[in-house]
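Worksheet: the structure to be examined is printed underneath.
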């Protein structure tokens, strides 16, 4: 026997001023199954909730409709309220008579009539609701951090400090990431390595952190609390348990002149190498594509001979390691745009046109020039450098509409460093707008202009071309409304920050969404900025969008807090409004499978009685750990065997019937 | 429990001029005056379009009361048969609204909506439904104004067509 | 292969040699050009600046006729190609505009025909192998700079002939014809043609810069596909040289003229005598004519 | 195997997704219908498939006393195949009978025309029967004859038999009079506009590829409907829909309708009420058409079996035309491993939303 109670809220006068709440309650009393209806000033307040609970007991209600504000506001509140009174929380429906009625229609009879219709729809729906139970999911209390840059390092340290095990998977030989490549940081001009390396050492030594460097994610299975991740540990040719990182091998390796990607190909490294002197782990790897041993059938072996601990093992192979994790933090960072679509700037054509990251290596004391700024073409000290902002950013026409956020500041910093190191050099900055939102940022920019005499030109650069032994940078000064041409020894392009080239492929492996620029999507831009749309996967750093170091670190700590929050629970509660299969009706056509964004639908073999026989057949089944309750499968299903609990066909049709009456 | 009393105060502070806009009456045959009002069903996805309608409410933007919203988690949940059912039961116009392509809360649901309803829309037209009686819209959670505009325009269009008889149960 | 031929006004006037050489080269390469009957001006640079609707209607009329012929359009002139393409794109994007234009031109337009610059026809429909196979006098030893200008390549989305900043298709054709192409930075710099009469000073500066860069990279002549660029670079060359205190003498030729030589067409039929900077001494020196 | 059957290159070479992948069987080719050896070779082929244990059942046609209407028959042993026929009156699309063998343990042979074969492929693509469980015995179809057209050509006389030639047919009446009429005049409507008479996938094929008859008649009719006003279209379809007796024949023969519990048979949810009013008639007709859109193979069997003559093909083909224009996907049933375009998407899809 269905016994429905209807509770109409006045919301002070928010509803009552334009809706005759008494009339709505009265009309509700005539609806099928409704045995009780009342109104109250504030249904969401304590006395209101008590009123509902009392009525449930007094009138033996087993279903409830609350006509109040949007379900986005108080659906949870009222679900909890009915649950406390012993009614399954999913036997409560909200009729949205505030946002979608009283606030948008001022004619009282009109508003009242519509409110009554909305209540009737909610009553019709709730009559077809069935009790739903949230499932409980176990949690594997180990976290995976993908990427060992500053975001990954910070997240790993925070999680490990809370007492949970963390694995960092880093593609390169060492953790450190982009921050290790930088020289100084804005706006304090403190040395990037000096603040990063202690943290790297902490991760390296932490008993709860395992670093899988020179490794990549092969595949991710499972769901929140229960991911099964396969990690490819690329063959290093060096036994990490034996190696002491003494450096004999890389100092003696005869292949010396390989481009060092850590130095943005501006410097060299041997075939057996660590990325940089402070590398963590301090265990080298052999670059097999360039090592003489591998290229010439076992010749050379110098590293093997000089290694005092016999750590070199040429026979090592890639290993696939399967591990279970409860949560994943994505911290895969960024790369700078190749700017191939901008041939007019000549990056890649003229050696003295470089990106900001190249410039960092040229100005860094650990870089190929030991901190002396020299231009790549002939090693000459530049006397005039042009910095080009928004190089590839904020250019919808060529595919990137977004602002890369850090460039205004780092270019100001680079201009300052240039003026400090070569006081007679001129620094020109072409810009569209200068964006210095951040503590002490505007002041820093003003110092660049006023103290360091950096010349800011507002306008885009149209062309860079060589002339004699220098480059000519032509553009427009939009403040003067005139074309300008500046002679430069070097051009530094603040190339757009973009996700790693394989970000989309990785996102597909992990099962998270990404935007058109391939930045990973957060669950909500304001209120859930470090969670992805997939339960148990969190985001930190530039893989989610361009940001500077302090923001990255803050986001990494926030992601870590989310992981720790998850791990602190005994079990996870799964959503109750999920898809389920009526196996008797399912014919196993699997039209539902391709539409599921979460790969939650799998085949399942069932046994069925057919007359006297038992037969086996394959039907769809829903993994409730993966399903997020979108209902696309229910529409793809031709027979209606797939149902979305909470929004079943019966419920929606009943609502449609009711609103049309 | 927190209650929203300031919103009430706000509502009371509105000027007369604002109060006079869009005083459309409720849908259906009005018993008092006998004038016909179109009845419109809008299927809105929970995360974008329903939130957009909520925003129209919190911004106190007025639109005709003819629109009645049915909430679904995702526009991908909208079965074309729901549209038929609405017309059967007396709707004069039906709207389907979801997140903009690329912004779906569930990543891809609205791409299926787009495919499905491109076909269904043409087909409904083909079997003799007036094309102006069914429409699809992308309305985000921040587009309260777009929701209002859409509601107004659609209502007016349907109003000008008069009551729908196609597919209708009882006339 | 048959195409609707849209010569446009320039090719009937200042760029007559482009028309002659286009027709000859097409014949040689097996491209059948059927002139669009009763074609009208594409609007050039003036129509769209005076009335946006006129700027679409003029080219649309020609497209509609070509559609009736059932043929894709070959438009050698860069400006014509640009305007025809722009009209096509605008009508594709805007259903209502298309309806309006149909009323104005009193013809149906369904957007069925493609608009191709002649260079594209040669590249994608004839093929470079076919060009190489028909070479009679390869342009060996002739160093040229391919100059594309603005209208052929920009803006992207309106025209899609080639990369807007670093186009290479003319280079590919001329290389196939045996020429030696210089890689240079000013392939797509504006030559200022539309300011030739109203802002002559600026125009001369722009021309000078382009010629200077081409000369610096060792080019002996310039090839182009745009009548405006050709006229401008050719006619303003002396002034630009004087201003830069140099003497360029860089003949500016249509790519079809040089291609014609390479394909063995009689030099007398290619309009080589109608240039301000006479190309014939250079071509004779290279043994090409 | 009959001597007449030679090995030829596979007709179908499309890649399939892993779950549909089966071993490729080289397609063998036999003589064409019309060839004096044809029926013997077809019977031989079926007999040896059964005798050698390649299949345990064959679905094909058998003679009946009415020579214009052979019936569908199920052959379980090699001996029975003497009855098997295939002539130009095998109108019935037999692919749906495969669903009766969902739980059958052996392999099943089906003798299919181009249109039927698409149905078989669609059932495979809808995962209703695995590819390796079906032996597709395909026939490149010269077109099928509509018995009703033959009978009306014969006028008052009873037709005793029909002898079909390549361009004309000879009608022999009970009285023994003979008359010759052009083949086209008695072909079924669907065959007159059939573009795909050859089985797209088969293990054995009889006959050489047929060209089919390229007629745009159906699409012209659709275009004509599209040009009408809403009110005219409404009237057109109302006139047809109101005749529907909801016998569900259209559904039952449809290769894209394989649900065991159809939405029209469900009480909860109450999709469709029983009353025959225009609302329910519309709901039924529109829902049926939309349900199969993207999977309808265009065999027009529904149109053929409709007892009240509702032009169902004008709905199915309209939906197909739009699906094809919008999403550029192949005709359902012509490729293995293709899912409905309506369960796929492309960010660049056409957008009719505002």
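Think of it as A, B, C and D in the order they're written, each chain with its own count starting at 1.
We adopt the following convention: contacts are C-beta pairs under 8 Å (C-beta built on N, C-alpha and C of every residue); 3 or more make two chains touch, one makes a residue touch a chain.
Worth saying up front: this structure is predicted, and the values here are computed from it rather than measured.
Across A-D and A-B, the chain pair carrying more C-beta contacts is A-B.
Once the centre of each chain is set as its mean CA position, chain A and chain D turn out to be 50 Å apart. Chain A and chain B have CA centres that are 33 Å apart. Separating the CA-averaged centres of chain B and chain D is a span of 42 Å. Multi-chain contact residues of chain A, defined as those touching 2 or more other chains: 595, 636, 649, 653. Shown for chain D are the residues that touch two or more other chains, namely 263, 271, 342-344.
Counting only residues that touch two or more partner chains, chain B has 85, 102, 108, 112, 116.
The touch graph of these protein chains has some other shape, matching none of line, ring, star or complete.
If you check each pair of chains against the touch rule, the ones that pass are A-B, A-C, A-D, B-D.
Put simply, chain B touches chain D in their complex at residues 80-81, 84-85, 87-88, 96, 98, 101-102, 108, 111-112, 114-131, 135-138, 150, 166-170. For chain A in complex with chain C, the touching residues are 341-344, 346, 397-398, 463, 465-466.
Within the complex formed with chain A, the chain B residues making contact are 1-5, 7-8, 11-12, 19, 22-27, 39, 41, 50-51, 53-54, 56-58, 60-63, 65, 68-74, 76-79, 82, 85-86, 89-91, 102, 105-109, 112, 116, 148. Chain A meets chain D in the complex at residues 584-585, 587-591, 594-595, 610, 613, 615, 617-618, 636, 638-641, 648-650, 653. Chain D makes touch with chain A in their complex at residues 102-103, 126-128, 257-263, 266, 268-271, 291, 339-340, 342-344.
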